[in-house]
Every structure is written in structure tokens, then in C-alpha cells.
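Okay, so chain A shows up in both of these, paired with chain B first and chain C after.
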Partner chain A sequence: MSFTHVSPELQPIVEEMARRFSAGIHSVYTPHLNEVYVHARLEVIPGLCAHLYRAANARLVSLFADDARQTDGAFHLYYVLAVDAAHGFVILRAPIAPATPQFTSLVNAIPAANWQEREVQDWFGLKLVGHPNPRRCALHDDWPEVYPLRKDFNLTTELPPFQGERHKFRAVEGEGVFQVPVGPVHAGIIEPGHFLFSVAGEPVLYLQLRMFYVHKGTEKLFESLPLPHGVRLAESISGDSSFAHATAFCHAVERAVCVQAPVRARVLRSVCLELERLYNHIADIGAICTDVAFVTANMHAMRLKERILRANEHLTGNRLLRGMACLGGVRFDWDAGQQQALANLVADLKPEFASLVQLIENSSSTLDRLETTGILRPEVARDLGVVGIAGRASGFDHDLRRDFPHAAYDRVKVNVPVYHLGDVKHRLQVRVDEVRESLSLIEQFLARLPDGPIRVDIGEVPPDRVALGYVEGWRGEIFHWVRTAPGNRLARCKVKDPSLQNWPALSEAILGNIVPDFPVINKSFNLSYSGTDR
Partner chain B sequence: MLGILGKSLSTGIVTTRYPATPPEVSPHARGRPEIDWANWKDARPSAAVCPTGAISFQDHASQRQAQLDLGKCTFCGLCAEVDPCIRMTSVCECSTRRRADLVTSATYLLKADGTHDHPPCSVTRPKPGKAATVPPSNPSFEALGHSVQERARRLFGRSLHIREVDAGSCNGCEVEIVALTSPVYDVERFGIHFVASPRHADMLLVTGPVTRNMELALRKTYQATPDPRLVVAVGACGCSGGIFGVNYATRGAVDAVIPVDVYVPGCPPNPFALLHGILLAMGRLESQAG
Partner chain C sequence: MNLNPLAIALQTALLLLLAPLVSGLIRNWKAKLQNRRGPRIWQPYSDLLKFLRKDMVIPEHASWVFGFAPYVVFLSALLAGLMIPMLTAQAPLSLFGGVLAVVGLLALGRFFLALGGLDAGSAFGGMGSSREMTISALAEPAMMLAIFTVAIGVGSTDLSRMVQAGQGPVWKLFNPTHAMAFVALFLVLLAETGRIPVDNPATHLELTMIHEAMLLEYSGRYLALMEWGASLKQLVLMTLLANVFLPVGIAPDTSPAALGVSALALAAKLLVLAAEVVLVETTNAKLRLFRVPDLLGVAFILATLALLSTFFFG
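Up next is the complex of A and B:
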């Protein structure tokens, strides 16, 4: 078999796969050079994944289902694998007949599949076979038997009031073992989730997480909204990543119609993504200091963050960059005054940030608390598929800006900091390095800001197109996968926030640490609850 | 230690003087939209692009009733792009004590081509401080409630402890609420403190939309807060459910679950808007709606 529409780097991988699994593969579909769909039988999926992991060093970045019973008479299960070395995605698609709604778990081979498989089970009613812990995940235990992402489930279905059993956590027993339940309403100004610590004395033996308290039906809602409204909904998936999520959504829809945003728009998008990274990283650096009682550093960090938020408002009309993203480009261009204001901000931030870092590095009591705290070992991080900041502090040498250049990242060289100890200090260090890199990237983008339009009309979107949109947000890689429907709408929008994959790593990093260190360990990951729960 | 002191001294005072001075927002900031009600010709284009239904209309025979609901508005500005009668202001202080005070509506005569005649037959604008137009269902209970709230305002006018409750938000509102504790806004200068437990709190600052999975937690948090207590609903989602509205997983607005004293519009409301709402609830400021 020869695949002419595949990028030369992916071609040998797809050819070998087709040769070895010829009996199990129906067809290969390549809507984009770096995005190959392999339509295969459900039985060969574990073999295909294992082969791609082994032969192409691929990694599972998203796993989801799509109810295509109306068009294809089956549910479709999708496994999105990133092949970083070949700068491409291999997407496996397998049908599940409605008569036998079940699929086999991959979690023993690929632990990263854990929550994502259970999500599919909860939302589509596809039974998970062979999963060691197949309990509900996305829908809480007291929900009735409903499958919200099936097409025959109405978005506004009114469900009966809470009844039934409360969640039973796994029992941890032994002399002197006791449980510390925390949440969902937390002590700080943060999002809701439940943590159950099992401790013996001070050290934590086991941490169980219960999420999805802020599940808002987002993926279902995408299916009912006109496309432009989808951009606004994407901004509300995770508030501190508004622009990254909105841009990933736009990227997916633009790829579905094979339209690229103009180059000036792509540069403005990149600058906004860097501004989002800056304000969040600086806020986190300060918050990590607060959690080890170095409040002064946080006050300076919050002061700097406020300057960035005000610059965001000056550039886009909103402090969280909302309203800036749109299909086909961006909504607002920047005049000379706004560009100068941004240049001034970067010039001011450089010495200010250096001074903040010096303040922290000179505080030996702070460093003492951060070093060797909350270690996430590289092999554990690799197994769990941990991405983003937490991944790069544990030896994960990947960044979509460098490996899959989107927006205008093909115009610059992105340096990716990688550390290997995986403690809080290194997660802090990744942020420090990335702040410096972001400041440099904004300067480079501003120095070569191309002229031209900031938006193209993407026109009416034809039905039954599929595309994967991706953005390296400040927290890690964000994926939006869309399948279009008639009437300029979406039949499915799968949202993958990096947090979903990183949460289980927190349970590993906390082991053996003391409960009072949990806040700082949690903050060093700073995962999104809303992005996870959607 | 000297380094820390030196840095603090060289930084100087960065705290805003708000509310003694106006909010420091960029001229590019998008705040409350303003409709030229007298000259508005057609509500359809702006209603079509509005992602949350903040601009909406209903046609009855020869009449069209059109409305702008700031409780739903995310200040995205898409309406102003398609309708020359709408412009975005940078006004961020929009909090009100009554949900109805966030709504302005007008009645027009409908023309054959689907546009409407202008000027409108009537415009209903909420008046600051005036009673709600809808009569209370149980007057004596309402009156009792109001007197309790008055007492709360007198009590909390000088110092206030706030418990923040995220009942389903995207975390955008939390980013701005955290900013209140920064040296730039410094809520502690008003005697306002964020506390770790509802049992220590006088006010719940609630962001929404209230999800099905958080409804019980929100009710329990409310019950754990000692009386008298204040509730401030934050953001478009807290005021109305926002873009999420009511669906299988959300109950929508905060006031669908617990009583609310002040509504703070915005997506998210900036720290000035939040301060305005909190001070309004404490009885230190007057509503600026309408």
C-alpha cells in the first residue's frame, strides 16, 4: 500500500503498520499531512497501540468515543497517538456495534488510558472489559443510568434529584492508619474536588482523588451551539487557559475546512499564548512560595501578574484574553501604541522577574522546603503519560510548540527546559525557564510582526469532516477534536486538557510526603479542575 | 532579610485607591454594552451573534419586546460588531442587589420586513435602589428577610469575612478573586478577609454555574454559614448560568439553589467589579445600575 497524502516522516510508520496488521485494518484516511486515521477492527487495537509504542515511540494523547450510530450504525472509539519524532498523529478508529456495547481496556499496558476509558464508559454506556478499577469516574455514583454523550440523550434532560449510594473509597487499613478527607469545598480560593488522604502518622500512604464536581456538560453543549459560539464556550473550559482552549478549538475547525489563519493572526495568537503562559507561570511561582510561607515573594509575583493582566486588557479588551480568538484568525489588531505598550511590558518584566527569582533563590528556607519534595520519578511520569510542566520536570522532552509547530511557532526557535528529578523545585525551575523563554519569544514575534489581514472567512463548514486541533497551553498540550455536522455545526467536539492525564501523577508524587506539604505539591502541578471535568 | 526589605521599599506602594478614584481600566477594555434604545432598528442581528442570549427578543402580534440582560452578558462585544446602535463601554461596575435590575427591555412596533419601528413604545430600565417590579410572593416573609439583611449590612459594614465557593466555575472568576488579595487591590484595607471555613464567614462569594455535582456541597456550605449571612453571585455564570445555562449537568444561576443578595456581572468580573459588588453587599456603596 502507498499513502500519498501522508507526510514523508509518517509514511514508513503507516506502511509498516498496514503490512503487519493488514487483516485488521479496513482503510487509511489522511485528511491532513500530519494526521492519519487508521480504521481498524476493535480486536486489533491493543496490538496496534503496542506496535506504535514499541516501533515508533508513540504515546497516547487522547482516547474518546463518538456516537455515529445514525450515520455508520456504530459507536466509534478513537485512540489518538502522537508520534513526536515524525511530527505527526496516528489516530486509530474502531467501530463498536450497538448490539455489543463493550471494549477492552488498555490500562494494563498504557496506564494513561485509565480515566479516559472510564469517561467513555460513563458518557456512552460502553462497558469496559478488563479494567482493574472500572468504577464510575466522570458521572458520580448517585447519577441515574444515563449516557449523556449518546445522540438520543437530550442536552437539557432534567435528571431526578440525588439518590442512591455515596462514593465508597477504597479502604486503607492498619494500625494507626486514619483518613483525612478534604473538599470538595477547599480552604483556599480554588476549584472543587475531593482528596482522601490515608495517613499513618504524618506521611501519606495513599491519596484518592475524586473529580468531576464541576462537570458542566461542555462536550454535549458544543454539539448544540452554532460554530462561532463554540469559540466562546471553549474560552470557558478552563478560565486560566481561555485563549489556549479557544485557539485549539479554532485550530481544529480551521483544519476541518482546510483554511489557515493569516500569518499576522498566527503571530498575534502566539503572542497571546505566551502572555497566558507568563501570567500563569508567574502566579504559580508566587503561589508555590506562599505555600511554604514565603508570602513576600508571592506579593511581588501577584504585582507582576497584575501588570500582565492589565496588558492583556489593553491588547484584547479582556484581562483573561477572552473575546480575542475567532475562527479564521483573531478579532483585534494592535496599533503602534498597543505594540509599544507590550514591548514596554516585556522590557520591564525582564529585570523585575530576575529580581523575583533572586529573592526566591536567596531564601534558603524556601529552597529547603521545595527540594526533594513531591518527587515524580521519570519512569512513573512516562507510564502515566504526564505532559506539560510536570512532565518536563520529570524528563519528558516534549513541547508541541517545538515538535508540532502551530500558530506562528514555525517562525521562532523554542527552547524547551527539561529536568529529571521531578520535585517541586524542578517544577518551579521549568516555570522560571519558560517565563524567560516566553519573554524572549514575544520580543522575537514583535520584532518581525508581519503585515496583512488578521482574519479570513472560513465560510460554511461542510458536514462529516474530522480534524484535530492542538495548542501547547501553559499547563501542557491541549487537544480539540471535531467532527462536523450539517448546518454549520459540530456532531462531536472532544476536549482534552492536559490536567486529565496529570491528576493521577499527583497521587504518586505525594506518596511518603507529609500532609502539610500537600498544598505546595498540588500547587506545583496546578492542574485544572474545570478542564478535567468539563 | 535586608534584600527582602530593600525590594519592598524600592517597590513602593502599588495599591489602588479605588473606590475613592475610578477603576483603572484600559480604554480598550470591554465593559457593559450600551444600546441606543431610541434608535434601535433591529434586534435580530445582535441576538443571533450573542453567545449567551443576553440580547433577546420576543414577537407578539404587532409588537416586539427586546431586552438586554447584563446577568447573561459576557461583554464579548460581538453584538457591537454587527449593530451600529450598540457600543461597548469600559464600565465594569454593574453589580445590583436585584436580579431584575440587570435587565433593560423595550417594546417596539414590529414592521412587515421584520425590523422594528423606532423610537420604542416604552423602555423599562431598572432604577437604582427602587423596589423590584415583581411583587414578592410572601410579603411578610420578604419583609423579614429584608430587615435581617439590613441588620447584616450594619453588622458587616466595618469588617467582613468571606468564604469563596466555586460551585462550578471555569476558574476564570477565581483568577480575579485571587487578584483581590494582591497588593494592588488589597481587600484587607477594607477589613475584608478570605477565610478557610464557611463557619467563620459572613459572606459567601459564589461562582457558578451551579453544577449538579456541587449543588449539595453549596447547600451544605450555605447551611454551615452562621446567620446573618450574605451571598454574592459572581460572574455571568453565577448570575444566570452564563453560556452553560441549565442542562443535564448544571442548575444554572446561584439563586436557583440559595438566596442571593448581590449579583456581580462580567466574564469574569474584574477586581474593581468584584470590589464594587462586595462593598455594595456590605452597604458601603450604592448600586449603579440603569
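Up next is the complex of A and C:
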């Protein structure tokens, strides 16, 4: 087999795979240079994944199902593997016959697949075989046995709550061991999630998480909305990443119709992504200090964050950058005055941020709390597929902005901070480095802001196209995968927020730490409940 | 010695009215140092009034201890306050005991506070109680030793005599013995009043709380008593620190002029102490829980050194 439409870097990988697994692979489909679909039999999927992990140093970034019974008479299971070195994605697709709705778990080989496999089981009713912990994961316990992402499940169905006990937490026993339940409703304005600590005195022996209290059926909702409305829905997937999610969605749809946003629009998108990164990172740096009671630093961080939010409003009409993203580009252009205001903001932030960092680094009592707290070892992070800030603090040398340049990141060189100690201090340090890098990137983008339109009409979307959209959000990599349907709609939109991948790492990072250090460890990850639950 | 009802009434009123103000002042100053506007210094009074007006929610499984504890916490702090000299050298209830009684009353209040935290049966309350007892087991000896340092110099644990003996030239008060004991007692003050770096009175994170964790289940009148009791205890410890180590300006008799001078002196001393607390709280992060014993260990060692040095410098 030869593959003419594949990028030269991916080609040898795909060729070798096709040669070794020729009996198991039906066909190879390449809608985009860096996105290869390998349609294979379900039985060879574990072998293919193992091969790609070993031979191409690939990593599983998303795993989902698609109900294609109407068109293809089967469910499709997708495994998205990123081959960072080859700057491309290999997407394995396997059919599951409706008569035997089950698939084999990969979790023993790839622990990162855990929650995503169970999500497929819960949402599509495809039974997991060989999973060590196949309990319900992606629906709250009071949902009855329904499979909401199947096409024959009506979005407006009202369900009676399930009565009885479903999710039993594991008992942890021993002398002096007791359990501390926290949540699902927390103090403060955050979303629900249940944390069950098993402690012996103050040290934590085991932490069990229960998420998905507010599953909103977002992926289902995408299937019923006209495409432009999908952008607004994407903005609300995770409030602090609204621009990144909306851009990932737009990116996916634009790839599906093979239209690229104009270069000015892509630069404006990149600047907005950096603004989102800036305000979140600075807020997190302050919040980490608050959690060790060094409130003074937080007050300065809040002041800086507020300046960025006001700049956001001046540039896009919204403090959280909502309403800026649209299919085919961005909605608002910036005149010379707005560009100057942004340049002034960056110039002001640089010394201000430096003094904030100085304040924290001069506080030995703060550093004492952060160093060696909540260590996530690199090998554990790699097994769990931890991405983003948390990953980069634990040796994960990846950043979509550098490895898969999207938006206008091909116009700049992105420096990616990577550390290996994986404690709270280094998750803070990654943020500090990234803030500096973001400020520099915005300057570079502004210095060479190209002229031209900010939007193209993407026209009617043809049916049955597939595409993967990706954006490095501030928290980590965000993926939106779409399959189009007739009538300018989507047949499926899969949303992958980095939080889903990173939550299980929290259970590992807390081990051996004491209960009162949990809030600061949790804050150093700062994961989204909404992005996880969807 | 006899009991003077008027003195008791006046000092009770002074304690009850002044305690929330000190808390409010610290909160307000802290906000100012953090570039915030902060709550008015009168806010704790409004809070108390609000709590007193509200209904109470009592946990289903709580026993009589839950309702009994707030009264013990409040009254023990108030009684301890009546045993220390505030404006006059003679404390209204000094008849009933000296510094040991004060420490004992505070311990009684803490014991019931911890019981109240446990009684509701919530995990947070239990954690708070356990942490409180750990910390107090370390803070209490340091506190006793620090006060004994002064007591040895005077030859009495009667606080009134200690205060009277301290009258005289001011420079005499600033000897190394006193300085070490003062620092030790100041660290104890931070620990006992739930201040940074030991506890964070402003946090909403239940898992990190010590004092607040024990109050989580309290509401309405009980919460008012608990909060008032806590601010009373803070005022008692601050007054102890101020008047034992720096008994300047304390009224030798009850003439209005002497009392006026004494009130001004007390106010000045409390303001300075509050400012110190605010400075420590603003410039420090909270210690990791298992480092708190180190801090209190320092207090204990300082107090021990102070006590030993009385035999050299005394």
C-alpha cells in the first residue's frame, strides 16, 4: 500500500503498520495531511495500539464511540493516538456489531484509557471486557440504565431517578483508619465532585474520586444544534477555557470542510488563546498562594488578572473572551487603538508579574509549603497520560502549540517549560514560565500582525466528513472531533478536555501527603469539573 | 481581699465590648495591608447580632454536649478575663486564683470546644478537634513556662502581685529573660487564637481548618457564643501579654484619672499587639501542619531558657 496524502513524517509509520497488520486493516483514509484514519478489525486494536506505542512513541489522547448504525450498521470505536515526533494523529477505527455490543479493555496496557473506556460503556452501552474496575463512571448514579449517546435516545427524554445504591466506595480498613467524605457540594463557588479520603491520622492512604455529577449531555446537544450555535455551546463547556474550546470546535469544523481561517484571524485567535492562558495562570498562581494562606500574593495576582479581564473586554466585548470565536475566523477585528492598548498591557504586566513572582519567591514560608508537596512522579504521569501544566511539571515534554502548530503558532517559536520533580512548586513554576512566554508571544504576534480579512464563509458543510480539531488550552490539550451530517449539522461531536485525563492523577499525587495539603495540591492541578462531566 | 461587684460588672462589660473590636481591628488592618478595603472594624458586632437573631440548626445525632459546649467556651473565657488585671492592678476575681486558674479555665474551654467539634459527628469537626488538642498540648506548657518566668521573679503566681511588682522604671522590664518569655508567649498567642502561621481564620477550605472546623456545625446563638468566646480568649491572652510583661500605666487605685491613664495605656498596648499579629499574618504563609510543633517547640525552648535565665539574671 502507498499513501499519497499522508505527511512524509507519518508515511513510514502508517506503511509499517499496514504491512504488519495487513490482515486486520480494512482500509486507510487520509482526509488531512496529519490525520490518518486506519479502519481495522476490533480484535487487532490492542495490537495496533501496542505497536504504535512501542514503534512510534505514540500516546492515546482520546477514545470514543460513534453510533453509526443507521449508515454503517455498526457502532464505531475510535482511538486517537498522537504521534508527537511525526506531528500527526493516527486514528484507529473499529466497528462493533450491534448484536455483540462489547469491546476489550486496553486499560491494563494503557492506564490512560480508564475513564474514557468507561465513558463509552456508560454512554453507548458497549460492554467492557477485561476492565478491572468497570463501575459506572460518566453518568451520575441516579441515572437509570440508559445509553444517552445512542442515536435512538431522544434528547428530551425525562427519566425517573434510579433508586438504590449503585456506586459503592471501596472500604479501606486498618487500625485508626477512617474516611473523610468531602463534597459533592463544596465551600466556595465551584462545581460538584465527591472526594473520599481514607486517612490514618493526617496522612492520606487512599483517595477515591467521583465526578460526573453534572453531566449536561453536551456532546448529544451538539448533534441537535445548527453549526454556528455549536460555537456558543463549545464556549460553555468549561467556563475558564471558553475561547480554547470554541476555537477547537471551529478548527474541527473548518478542517471538515477543508477551509482555513485567514491568517489575520489565526493570529487574533492565537493572541486570545494567550490572553486566556495569562488570566488563568495568574489567577492560579494567586490561588495557590491563598491555599497556603499567603493572601498578599493573591491580592496582587487578582489585580493583574482584573487588568487582563478588562483588556479582554476592550478587545472582544467580553471579559472571558466569549463571543469572539466563530466558524471561519473571529468576529471582531482590532483597530490601532485596541492593539496599542494590548501592547501597553503586555508592557505593564511584565514588570508587575516579575514583582509578583519575586514576592512569592522571597516568602520562604510559602515555598516551604509548595516544595515536595503533592509529587506526581514522571512515570506515573506518563502511564496516566497526564497532559498540560501538570504533565509538563512531571516530565511531559509536549505542547500542541509547538508539536502541532495550530492557529498562528507556526509563525512563532514556542518555548515549552518542562520539569521533572512534579510537585506543587513545579506546577507553579510551569505557570510562571508560561506566563512569561505568553507575554512574549503576544508581543511577537502584535509586531507582525498581518492585514486581511478576519473571517471567511465556510459555506454549507457536506455530510459525512470527519475531522479532528485541536488547541493547546491553558490547562492542556483540547480536542474536538466531528463527523458531519446532512443539513449543515453534526452527526457527532466528541469533546476531550484535559481535565478528564488529569483527574485520576490527583489520587496519585495526594498519596503520602497530609489532609490539610490537599487543597493546595488540588489547586495546583486546577481541573475543570464541567469540562470533565460535559 | 473582697469581691467588688462594681469592678466585676465593669470589667465584664469591658471584656464583652472590647473583644469583638479587637477582632474587627485585626481583620480591617489585615485587609488594608493587602490592598483591600476590608470589613468595617465594627463588623464582628454586626455578625454577633446576626447570629443571635438567627435560628439554630442542631445536628440530628448531637448529644447535650453540643449545646453545653458553647456556654462553657464563652463563660470560661469570660471568667479567665475577670482574673487578669486589665485597668486596675487588682483583678476583680483574683481572689479565686492566679495565673494557674487562668490557664486552667482556658484549658477547660478548649476541652469543651473540642468535644463540641466531635459531638456533631462530622469528619471535619473531628479533624479540627484532633488538631486543636495536638497544638494545645504543645502550646500550653510553653505558655505556663513563659508566665512562670515572671512569676519566679515576683515570687507569686498571683497576677495582681506580678503586675504590681512590675511597676517602676520601664527599662527594667526589657531584660533578656522577659524578652524571651514575651516572644514565647506571643507565639502561643498566635497558636491559641488560630492565627497564621498556625491556622488561617479566613479560609473556606475545611480540610485545612483547625479552629473553624470545630465550629462548622454551629449556627445561631451557639455560634455567637463560640465566636464571642474566641474573641474573648484572644483579648484575654493579649491583655495577659500586655499587662504582665509591660505593666505600665496600670491604675494603682480607682481614681478616674488613674483609670483614664490605664485605659489609654491598655488601648495603646493592645493596638501594638494587634499590629504585630497583623504583620505576622500578612507576611507569612501558614505552616505545614506537621511543622507547627516546630514553631511551638521554639516557643517552649524560649520559655524554658527564659525560666532558667531568671536564676542568672534574676
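The working rule: the second predicted complex is superposed on the first by the 531 of 534 C-alpha atoms of A that agree within 3 Å, B and C clash if a C-alpha of one lies under 4 Å from a C-alpha of the other, contacts with A are read in each partner's own complex, and residues count from 1 in each chain.
Heads up, the rule we're going with is that contacts are C-beta pairs under 8 Å (C-beta built on N, C-alpha and C of every residue); 3 or more make two chains touch, one makes a residue touch a chain.
The model shown is predicted, which means the values in this text are computed figures rather than measured ones.
J.: Following the superposition defined at the top, how do chain B and chain C come out on chain A, clash or fit?
T.: Partners fit side by side after overlay.
J.: One more residue to check, A:187. First (chain B), second (chain C), both or neither?
T.: After superposition on chain A, A:187 lies in contact with both partners, chain B and chain C.
J.: So, A:528: does it touch chain B (first), chain C (second), both, or neither?
T.: A:528: touches chain B, not chain C.
J.: Is A:217 touching anything from chain B or chain C once the two structures are fitted on A? First, second, both or neither.
T.: Once the two structures are laid over each other on A, A:217 reaches chain B alone.
J.: In the superposed arrangement, does A:453 touch chain B (first), chain C (second), both or neither?
T.: Neither: A:453 stays clear of chain B and chain C.
J.: Now for A:303: first (chain B), second (chain C), both, or neither, which partner does it touch?
T.: After superposition on chain A, A:303 lies in contact with both partners, chain B and chain C.
J.: Report for A:73: first if it touches chain B alone, second if chain C alone, otherwise both or neither.
T.: In the superposition, A:73 touches no partner, neither chain B nor chain C.
J.: Please indicate which partner A:319 is in contact with in the superposed arrangement: first for chain B, second for chain C, both, or neither.
T.: Only chain B is touched by A:319; chain C is not.
J.: Does chain C touch more residues of chain A than chain B does, or is it the other way round?
T.: B
J.: Contact-wise, after the overlay, does A:228 reach chain B, chain C, both or neither (first, second, both, neither)?
T.: It touches chain B, and chain C stays clear.
J.: Between the C-alpha centres of chain B and chain C, what angle is found at the C-alpha centre of chain A, to the nearest 10 degrees?
T.: After fitting both complexes on chain A, the angle is 60 degrees.
J.: How far apart, in whole Å, are the nearest Cα atoms of chain B and chain C in the superposition?
T.: Superposition on chain A places chain B and chain C at a least C-alpha distance of 5 Å.
J.: Quick check on my understanding: which residues of chain A belong to both its chain B contact set and its chain C contact set?
T.: 187-188, 296, 299-300, 303.
J.: Tell me, which parts of chain A touch chain B in their complex?
T.: Checking each residue of chain A against chain B gives 140, 143, 146, 148, 153-159, 162, 184-185, 187-192, 212-218, 220-221, 225, 228-229, 232-233, 236-240, 242, 283, 296, 299-300, 302-303, 305-306, 309-310, 313-320, 322-323, 332, 338, 355, 358-359, 362, 528-530.
J.: Quick one: which bits of chain B touch chain A in the complex? Just the residue numbers, please.
T.: 3-4, 7-8, 11, 14, 24-26, 28-30, 49, 51-52, 74-78, 88, 164-179, 181-184, 194, 196-198, 209, 211-217, 221, 237, 242-244, 246-250, 267-268, 270
J.: For the complex, give me every residue of chain C touching chain A.
T.: 33-36, 123-124, 127, 130, 196-197, 200, 202-208, 282-291
J.: Spell out the part of chain A that touches chain C in their complex, as residue ranges.
T.: Per the touch definition, chain A meets chain C at residues 178-182, 187-188, 201-202, 289, 291-296, 299-300, 303, 363, 365-366, 368-369, 373, 514-519.
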